[in-house]
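Let me give you the structure first, and then I'll get to my questions.
The first chain written gets the first letter, and so on, giving A, B and C; residue counts start at 1 in each chain.
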C-alpha cells in the first residue's frame, strides 16, 4: 500500500503551506526519518522528515514548488519496490468544511402586555423622557414594544398626531404590519400609516412604500402651491397678509370637518333665568371667594340633564356608539391665540364650588397660554356663551366627536306673559338656549326633550341643586 | 501607513520600546531564541540577548513573582504567558502582590509590568487553551486591561502599556493575530481608557469585546442591507472603561447590544450594561441586551462549537429582537 | 571563639546586640499592647529569633532589598525601620511605616530597602529573586534577600524561584528561618528531609545549615552568602535553625502541638542572653555597658508606644489613593 506524503500541519493554526523544495528526487529510496522536503508556511521554511520508508514517487499533478495548498494535500507517495503508484491522486483530505452555524429560529413573543405596579402601562425610560419633552400624555397610548411597553416611537407618533389635532384624543399608533425602518421613516416624513395601509391591503408596509407616499404627497402639495400661485390675484392696496397660526389652522380644519360630517340641527328655546340670576346673586352676596359663573351653573345643570339623557352624552367610535358615564364639559374660551375649549372633567361628580374652582383655573390657563394638552381633550359636551356680546341666539357648531353643543345667549330683562288667561305680565330675566345636535347620533324628539330639561333646570335651580 | 498583521504590529511596538528603554525585558516560555510560539518576540533575542529575552522554565508563579520584584526595583518586565490560560497558576502573585504592592506601599513602590497572552476561543482549542479571564482583572483594583482589535491599536496600546507604571493586561485574541490592517508610520500611541467607534450608525448601538468587534461589524454589514444602521463600538480598554462613548451612542440610538464571547455572569458585558443602566437610564428605549458565549468550557469537536459563540447571524437576530422590544 | 569576636570588632558586636535588643524590647511592647486590646489585627512576634535578622542584615546596605513575611517586625527593625514606625503601624496610625494601610503583615519602607512583608507565605522568595534579576539587568550593585520559614520551603514558589535564581546566577540570599512549626504543623510531619538546606543541592546552589540562635554564626554564614552574591557567584540558601518562644500569633493558644518542656529548653538557648554572656566573658564589653544599651533600647521602645498612641489615624478619604500611579 502506497504511503501518502501530505502537506503537514506545522503550527497551531496553519491552514495552508507551500512546497519549497524536494530534498529527495523522484525514484530515490527514502528511509523513515530522512529529510524529505521543505515547506514554506507562515513560520518560514521548515524541514519535514519522511514518516515511512520507500521509493519516492512524485506524480506529475503534484503541486508545483511554491504553490500554496491546503494542509493535507497529497504531494507524493512512498511505494514499495514494484508497487504501482496510485493512478489518480486521491482528493486532498481537506479539513472538514466549517460547520455553518444555524441562526436560531426567530424568537416567538407572546407575553402579555406588562403593567407596572401602579396599573399603568409600562413605558421605557427614554419614551417617558421624550413624552415629557413633547408634552404628550402617554397613559392612554398603546405600546408597540414587545411586551406592550410604550417606546419612543409610540410617543413620537402621538406627538405628531397631537400637533395635527391638539383638541382631539391622540390617535392610536398604527398597529398594522410595518417594518421598524418604515415606521421610523413614516414618522420623519409625516406619512399616515393607516391611510397608506388602506392603499396597500394585505401586505407589510416597507420603507419604499413610505417614501413613495411621502413623495406623492409632496408632489401634490407642490402642484397645489403652483395652482394657488397662479390663481391668486394680487392683494388690494392696504390689505394685510397674515400667516396662518396653528390654532387657526386647527380650528379651521375642525369646523370644516364638523360642518360637512355631522347632520347638525339647532333647537332654540327661551328660558326664564330669573331664579338662576337670583341664585347667583345670593352666592355673590355670601362673600364666597369663588363665585360660580353662569357657565359654571349651566355646566352643573346641564350635567344633571345629560345624566338623565345619556344618548346626548355620546359619540361614535368605530362601529359602536359610546355613551359616556362621565360628563366632561368643555367651555369655549376666546383667547388671544384663538378659540380654546378647556374641559372640566366629571362635572357630575363635582360640587358647584369645585366646578367653579376648576373652570376658573382652566380659563386662566387658557388665556395665559399655559393650558396643557390634557386639559383640552376628553370632553363629552360643550357650552359656548356669547351672551356678553349681546347675542340672543345662534347656531353653534358641534365640537367633534361630541354629540351636541349648547349655545347660551344674553340674559335680558323682558316683559313676559305669566298667565295669558289672567293677562298677567311680569318683568323676568330671559335667556335663549340654542342646542345644536348631531342628528346621526340622536333624533329631534330626544334632543328636544333634553333641551326642555335644561330649560327646566335653568328655571328651577332647586331641582338640580338638591340632587 | 503600512499594512501589517496584528501580531507584527504588537511586536513592532514592543521592539520600539525595548530600543528606547534598556530596563524593559521579556520573560516567558519560548520567547527567547525561538521568538515566541505566537511570534511575539521574533528577532528581539538576536538584538538584546538572554537577559532581556529570558526563556523560563514552566514556573508561571515563580517568574511572575520575580517580575513583580523586578518591577518594584527599577526594571520594566513584560510577562508573555503565551496562552493566558497558563497565567492561572500565577493568580496569587498577580492579585496579592502585583495589584497591591503599589497601594500597600502608598505609592513608593511602582509596578510597571505588562502581562500579555493570547485569549479567546479558537477553533477546537478546547478547554485549557480558550480562556479570556478579562473580568477577573477588571474587577480587582490595581490592574488595567486592554484588548485591541486592530493592528494599529495593538501597536499603540502595547507601547502605552509598557510606558505605564501600573500593571497592564494586554490580552490578544488568537483569531485576531493574523489579521492585517493599516498601521501609521512614526510614533503611534493609543491612550488607555478611550474607545473607538468602529462603524457609525443610528438605529442601534453594538459594543463588541475583542474578536466580537469583527463579528459585530460583519453583522452590521448584513443589517445595513435591511436598512438597519448599527453603530459598532470597540472599547479597546476594559479597565479603565470608556463608558462615555457608549453613553453618547445610546443617547443617539436608544438600544444597546453588547457582544462578548466570554461567559455572561459578571462579565464585561454585565459591567457595561450596568453602567449604561445607571447613567443612561432615560436614554434607554429597551432593556440592554447581552449576547455571550454558552456557559460551559470550550469544547473540541466542531459540532460542539456550533452554537457556542456569537456569530454574525446570531448577532443580526439579536439586533432584530432588540429593535422589536 | 575569641578570634572570631576580635575579627568582628567591638563596635560591630555591640551593634549586633543593640539590634537584637531593639527587636526584643519592641516586640515586648507589641505583646503588651496586644494583651491590652489595643491592636486591631493579628501580630506574629519575632521573640526568640532575633539573631537571624540581626546577623543577616548586618551585611546589608540600604539599597539591598529585603522581602519578609508575616513574622516580619524583626527584619523591618534590622533594616532600619524605627520602633516608632513599627508600633504606629500596628496601631493603625498614619505615622506607621505603611501609613496605617498594612498593619503588622504589610509593612513597607523602600527608603531603607525594606520592601514589604506579606500575609501570603511564599511570595517573598520570588520577589527577592526578582530584585536580583533587575539588579543584574540594570547592572546595579545590589543583593536581594528573602526571609521565610520552614512552611514556605514546601511552597511551589520556593522551588521555582530558587531554581531560576540558581540557573541564572542571580545575586540573592535565601534565608530560611526554620523554627520547626508552620503555624502549628510540625516540620517533622511534612518533610522527609529535615534540613531545608539539603534542597539546595538539587538546584545547584550552596545550602548552609546555621545555628539560628547564635548571632555570630549567622553573621558569619550570612557574610559569606552576601559576598558570593555581590561577587556575581550566585545565590545561597541559608537555613537558620531557631525557635519562636511565643505562640504563632498573639492571642493563639500555644497548646497541643508542642510541649512546655520544649519551649523551656529553647528559652534556655535565648540568643540574646547567650550573646551577652559571650561578649562579657570574652571581655569585649562590661555588663554595665550592656545594661546601658538595654536601658536605652527599652526607653526607645517605650517612647515609641507613647508616640504611636498619640499619633493620628489616617484620613478615611485617603484609602483609595495609590491604587494606580496616576489617579
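To be clear about the criterion, a residue touches a chain if its C-beta (ideal position, glycine included) is under 8 Å from a C-beta of that chain, and two chains touch if they have at least 3 such contacts.
Worth saying up front: this structure is predicted, and the values here are computed from it rather than measured.
**Q** Return the chains shared as contacts by subunit A and subunit B, ordered by label.
**A** The shared contacts of subunit A and subunit B amount to nothing, since no chain touches both.
**Q** Which two chains does the highest number of contacting C-beta pairs join?
**A** B-C
**Q** If I average the Cα coordinates per chain and compare with the overall Cα mean, which chain comes out closest?
**A** Per-chain C-alpha centroids compared to the overall one single out B.
**Q** In whole angstrom, what separates the CA-based centres of subunit A and subunit B?
**A** A distance of 44 Å separates the two centres.
**Q** Express in whole angstrom the distance between the two chain centres, defined as the mean CA positions of subunit A and subunit C.
**A** Taking the mean C-alpha position of each chain, the two centres sit 77 Å apart.
**Q** Quick one: report the Å distance separating subunit B from subunit C, using the average Cα coordinate of each chain.
**A** 41
**Q** What positions in subunit A touch 2 or more of the other chains?
**A** none
**Q** What residues on subunit C touch subunit B, complex-wise?
**A** These residues of subunit C touch subunit B: 65, 67, 98-99, 101-102, 106, 108, 110-111, 115-116, 118-120, 122-123, 125-138, 140, 142, 144, 156-157, 159-161, 163-164, 167-168, 321-326.
**Q** Which positions of subunit B touch subunit A when the two form their complex?
**A** Counting only subunit B, the residues touching subunit A are 37, 39, 122-123, 174, 178, 203, 226-228, 254, 281-286, 302-303, 305-307, 311, 313-314, 316-317, 320-321, 323-325.
**Q** Which residues of subunit B touch subunit C once you look at their complex with the stated criterion?
**A** For this pair, the touching residues of subunit B are 22-23, 25, 51-52, 54, 56-57, 59, 61-75, 92-93, 96-97, 101-111, 141-142, 144, 164-166.
**Q** Contact residues on subunit A for subunit B in the complex?
**A** Result: residues 12-13, 42-43, 96, 98-99, 101-104, 106-107, 109, 124-129, 145-146, 149, 151-152, 179-181, 184, 207 of subunit A touch subunit B.
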